[in-house]
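First, the structure itself, so that you have it in front of you.
We call the chains A, B, C and D, going by the order they appear; numbering starts again at 1 in every chain.
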Amino acid sequence: MIDKKTGLWIYNKMNEIRDFEETAWTLFTENKLRGSVHLYTGEEAVAASVCAQLSDEDLIASTHRGHGHCIAKGAELDRALAELMGKATGYCKGRSGSMHIADFTKGNLGANAIVGGGIPIATGGALALKMQNKPNVAVAFFGDGASNQGTFHESINMAAVWKLPCIYVVENNQFGMTVPVWQSTSVEDISVRGAAYGIPGETVDGNDVVAVYEAFARAKERALKGEGPSIIECKTYRWRGHWTGDPEVYRTREEVEDWKQNKDPIKRFREYLIKHKLATKKELDEINEAAAEKMAKAVEFAMNSPEPDPAHVLDDVFYEG
Amino acid sequence: MIDKKTGLWIYNKMNEIRDFEETAWTLFTENKLRGSVHLYTGEEAVAASVCAQLSDEDLIASTHRGHGHCIAKGAELDRALAELMGKATGYCKGRSGSMHIADFTKGNLGANAIVGGGIPIATGGALALKMQNKPNVAVAFFGDGASNQGTFHESINMAAVWKLPCIYVVENNQFGMTVPVWQSTSVEDISVRGAAYGIPGETVDGNDVVAVYEAFARAKERALKGEGPSIIECKTYRWRGHWTGDPEVYRTREEVEDWKQNKDPIKRFREYLIKHKLATKKELDEINEAAAEKMAKAVEFAMNSPEPDPAHVLDDVFYEG
Amino acid sequence: MANMTYAQAVRKVIQEEMRRDDKVFVMGEDVEKLGGVFGTTRDLYKEFGTERIRNTPISESAIVGAAVGAASAGMRPIAELMYWDFAFVAADQIFNQMCKTRYVFGGNAKLPIVLRSQQGTGRGNAATHSQSLETIFMHIPGVKVACPSTPAEAAGLLRTAIRDDNPVCFFEHKALYITKGEVPDDPEFMIPFGKADIKREGSDVTIVTNLLYVSRALEAAEELAKEGISAEVIDPRTLVPFDYDTVTESVKKTGRLVVVHEAHQNCGWGAQVIAEVSKRAFRYLDAAPIHLGAKPCPLPFNPGLEAAVIPSVKEIVDACKAAMYH
Amino acid sequence: MANMTYAQAVRKVIQEEMRRDDKVFVMGEDVEKLGGVFGTTRDLYKEFGTERIRNTPISESAIVGAAVGAASAGMRPIAELMYWDFAFVAADQIFNQMCKTRYVFGGNAKLPIVLRSQQGTGRGNAATHSQSLETIFMHIPGVKVACPSTPAEAAGLLRTAIRDDNPVCFFEHKALYITKGEVPDDPEFMIPFGKADIKREGSDVTIVTNLLYVSRALEAAEELAKEGISAEVIDPRTLVPFDYDTVTESVKKTGRLVVVHEAHQNCGWGAQVIAEVSKRAFRYLDAAPIHLGAKPCPLPFNPGLEAAVIPSVKEIVDACKAAMYH
């Protein structure tokens, strides 16, 4: 069960993510932000509910749609937005932009612009945790599309054989770019693929914080007991186009509106918190306001931050110890 | 059910393969053959029972352990052995040796020295068959070790989504090189991985011709009806070391002897044919003798064949129409 | 002639060749309804159906491998990778399978495959979506390599590629898709492989370059002309086969060679051109050949940083001047 | 000093470094009981256990990716690919992940990884088990590249690699494993990266080469000596970083440069050396630099064919003579 503190943490993170994504969208339309930007709006419950159960010593590997994971794993909005804008103050000195963003100090092994690219990396993180006897887990976030990459298979088999504390979280948002899941994926519930590795696979409503939270809690417990990895599939939906220039020819307005109106994970969790007396409307409104304020400051920070100096463009290729 | 003609065909092919492999072994120990040579001795039932149901228009993709598939798919022993010896008369002009051998004209898309490398190629063959509306199937042969490669996953998912007439035949000979299956593979029966693609997966005794034959017949029927791919796992055992120089530190003499003495697929099928009155001892002995004779001639042919002329080493990189 | 974009030229040829030969088909991620990220197959599924304009799973190894298998079995696939950077995801199927199949099987296989994608900088796509990787495809033998720099070349080279019975890796450039030019209407218009194009004639220095850098080299040549330096700009158009003859002739005339590309400089194909042309025209060289390419770091997201990594027009100008006044 | 094989030298250093630092571990196919195909980890599992000498599934992408993840999280993996040819199977994890992680994440990640394998011809392994692929690892920035040609170098460079906080791709050669030589006993013996070794001094022509071709170049130098030509043989030992200074100094002395390697000639690293040294020492060059490498076809199985594809000692001799008497 989610306690008050956790509930408020999750609610706050979801709002921060939502504000961040919608701000990024606005900035993009205003030409203040460029490149490939994939927004997480509508999927906030997944990152927030999972990361609520992680410390800085736990690891995640993220995706091209990585802002949500990054923020939920502890990144500040200001430096994250600065990174999206390619500024020197960004987490990656303006080199990564949206698609490779990471706050490495928070156990985030990075966004990954290669679909499926982060899955073996999270697995290796879990291997390190195990070999160092740490009481921690690694999480690989990835999409329905990524579940058809070879790395999915190789990594989960490896983790299963080695009983690594790795949790594979599939964010099934119904599409891989413009391709519907039925057209690319041989099973309806990707979680059934757990059977191929002899590990648990569970499909949950990815817009239901409590469902995601509890499924992840079970998987984490199993991982920490040394019983190995799990797959959790979170069925969700992205509100925005796949990327900021997506003509969205592959779905209807109605479908999108239905998800926005009737399945908004933030609204649902807000109602849950109130219904279960975990928070008052006032408390939640304050959180919303604080997030909005933080976001406004982040925009100011990012906009006013300097561009990186090209004189240092060749720094950091190698660590010079 | 296997009829007499098919039974004799299979028995003959198994003997040809056995003779070929054991001859290759001898030639290797006599330094008349070099390179990486992976022998199929003990696994003959799989290739023979599958290829008995294929015509030249059906396709296969094979592995580093590919002599058996090549012969079962119609290659002559003489040109096959010549290829192993790198002679100009070999199927591939001495360029492929053991690990890339193929008689392309017989629908063999090639041995493949990359573990898992042939799986997508067979899948593409099946795609071509489907697009050309041909009443044929493609078969991917590969090992237990290969079933942990990303190509396994990507290919079977693709074939399942597209309902391709492709049959994935896992030759589970208990080891990937020196690594026992339990140490590399998260499930005991690799066929359970069919569940990850929503397709049938079946495990059979790979040393039992009838079992392999019937399982493949089912899969082929399904494929031809347009219902898509299947996985057939054949549990078997290789008698020889992984390669001709293998110190075999990973298994006991007793284990090997047990398979040789008690589970020899040729002996078992011979008894089956006799028991079911599909052949007489005499008929079978004649087949054995004919195979041995053919093999002796093949050795002569290969030994007396010329080396390829280095002047043509740059030919065939491109087709010059 | 019709005026169209580079992307439209690609689409036109795919359409015409698919009409002409029903063995030709397209497979790739999002090629159907989306028509690819740059619209090169837009709406073609309406004409040819979803069997021949075939959306694939996100499985690059299987895409290329399936193309190899399908081609071996008589089809003529045009396989699309969304970015050339993803060739690394499918690298075994490209370099160990597609490149080697025909040769290793004694010349018995025939693999009419076009593997298309786009590459390069200019859209803020950062480290894993901006690389220029053509050099690797030259280094590993077994594929032809075409790099069109204009809409007409996109059309003419692509048709040649589709009709070629060998695997051809077709390198488009993301920043060129929106550029416009005249393209012959002729549905038989083809540009032969292995013939360089002299994009501008000149007598003082030879600049060899490709893709996006053709326009930058031409800009540099304009600059140089103002200072009285006459630069010849040569676009090899195909890197395998490579037209060394044209480049060598030019260097014999100018005595100076500058090779510039967006690919990384270290071990980039420019070094190969310098080594080969030095051998063929050593006595004609009045100055050390100069090689410009991307600096040795991943391509950064920030536009100012990205620009600092790849050669600038100014660097091209300076290189030519250095060759003149060594 | 102890006399041992190249394979034993590799094993010795792995063992010593694993004793010294418990964050160092080995993962790869068949590294445990078999000790690798060439015995470089033989019996080490008995000392270190199967957690630290870790047999993997046949999943090269996961092997490299797991090394990236484990290194990011504080371990120091030595990941083994059985043949460098299989780098293509794991190419995305190598070139898009391992090479780029540190830079792209703003210098915050530290990736102490050694990716080891062996390559080359000489054992009849044919097209997909005989390639020499080091050039690609120079072209894509982000890894150091070491290529030992003697047992002592195998030891000294490998120790440097293991203690380096960056990804190092370590290129062994299958035909060198059984070669013997003196190796210092000192468990701190290290050879710094970026320092070429002059394997033989000479004054007429500079031969730059690596791995198996060091011995062939030395053979060629013997031949040439008989004809009164004095060849200097330089082994860069690491290709990233590359010691151009030593090569340039030599060329300034000899006036002639021949680069020979087993890697494919077209766009091989020899072209890069020629381009760079031409720039640095153009005025000193008395003849066109010559580049020798494998011919543009896959490596065939037949030994006579294989020998015809890679440079012969005679070709090296002839190239040097051509440089002398151009």
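Of note:
The definition used in the following text is that contacts are C-beta pairs under 8 Å (C-beta built on N, C-alpha and C of every residue); 3 or more make two chains touch, one makes a residue touch a chain.
All figures in this text were calculated on a predicted structure; none of them were measured in a lab.
Separation of chain B from chain C in touch steps, taking the shortest path, is 1. Hopping across touching chains, the smallest step count from chain A to chain C is 1. Greatest Cα centroid separation from chain A: this falls to B.
Separating the centre of chain C from that of chain D, both taken as means of CA atoms, is a distance of 30 Å. If each chain is reduced to the centroid of its CA atoms, chain A and chain D end up 40 Å from each other. Each chain gets a centre from the mean of its Cα atoms; for chain B and chain D, those two points are 36 Å apart. Separating the centre of chain A from that of chain B, both taken as means of CA atoms, is a distance of 45 Å. In chain B, 95-96, 100, 114, 117, 148-151, 154, 157-158, 161, 183-185, 317 are the positions where the chain touches two or more neighbouring chains simultaneously. In chain C, the residues that reach two or more other chains under the touch definition are 56-57, 59, 61, 85-86, 89, 92, 96, 100, 103-104, 126-128, 141-142, 296-298, 300.
Chain contacts in this assembly form a complete graph, since each chain touches every other chain. By the touch criterion stated above, chain D contacts chain B in their complex at residues 29-30, 32-34, 55-61, 85-86, 89, 123-129, 295-298, 300-305, 307-309. Those residues of chain B that touch chain A in the shared complex are 148-154, 156-158, 160-161, 183-187, 192-193, 195-199. Chain C makes touch with chain B in their complex at residues 25, 51-52, 56-57, 59, 61-62, 64-75, 77, 92-93, 96-97, 100-111, 141-142, 144, 165-166. Only residues 34-36, 86-87, 94-100, 113-117, 145-146, 148-150, 176-179, 183-185, 247, 249-250, 307-308, 310, 313-314, 317 of chain B touch chain D when the two sit together in their complex.
The touching residues of chain C, counted against chain D in their complex, run 85-89, 91-92, 94-96, 99-100, 103-104, 126-128, 131, 135-136, 138-142, 240, 263-264, 266-272, 274-276, 278-279, 282, 285, 287-291, 296-298, 300, 326.
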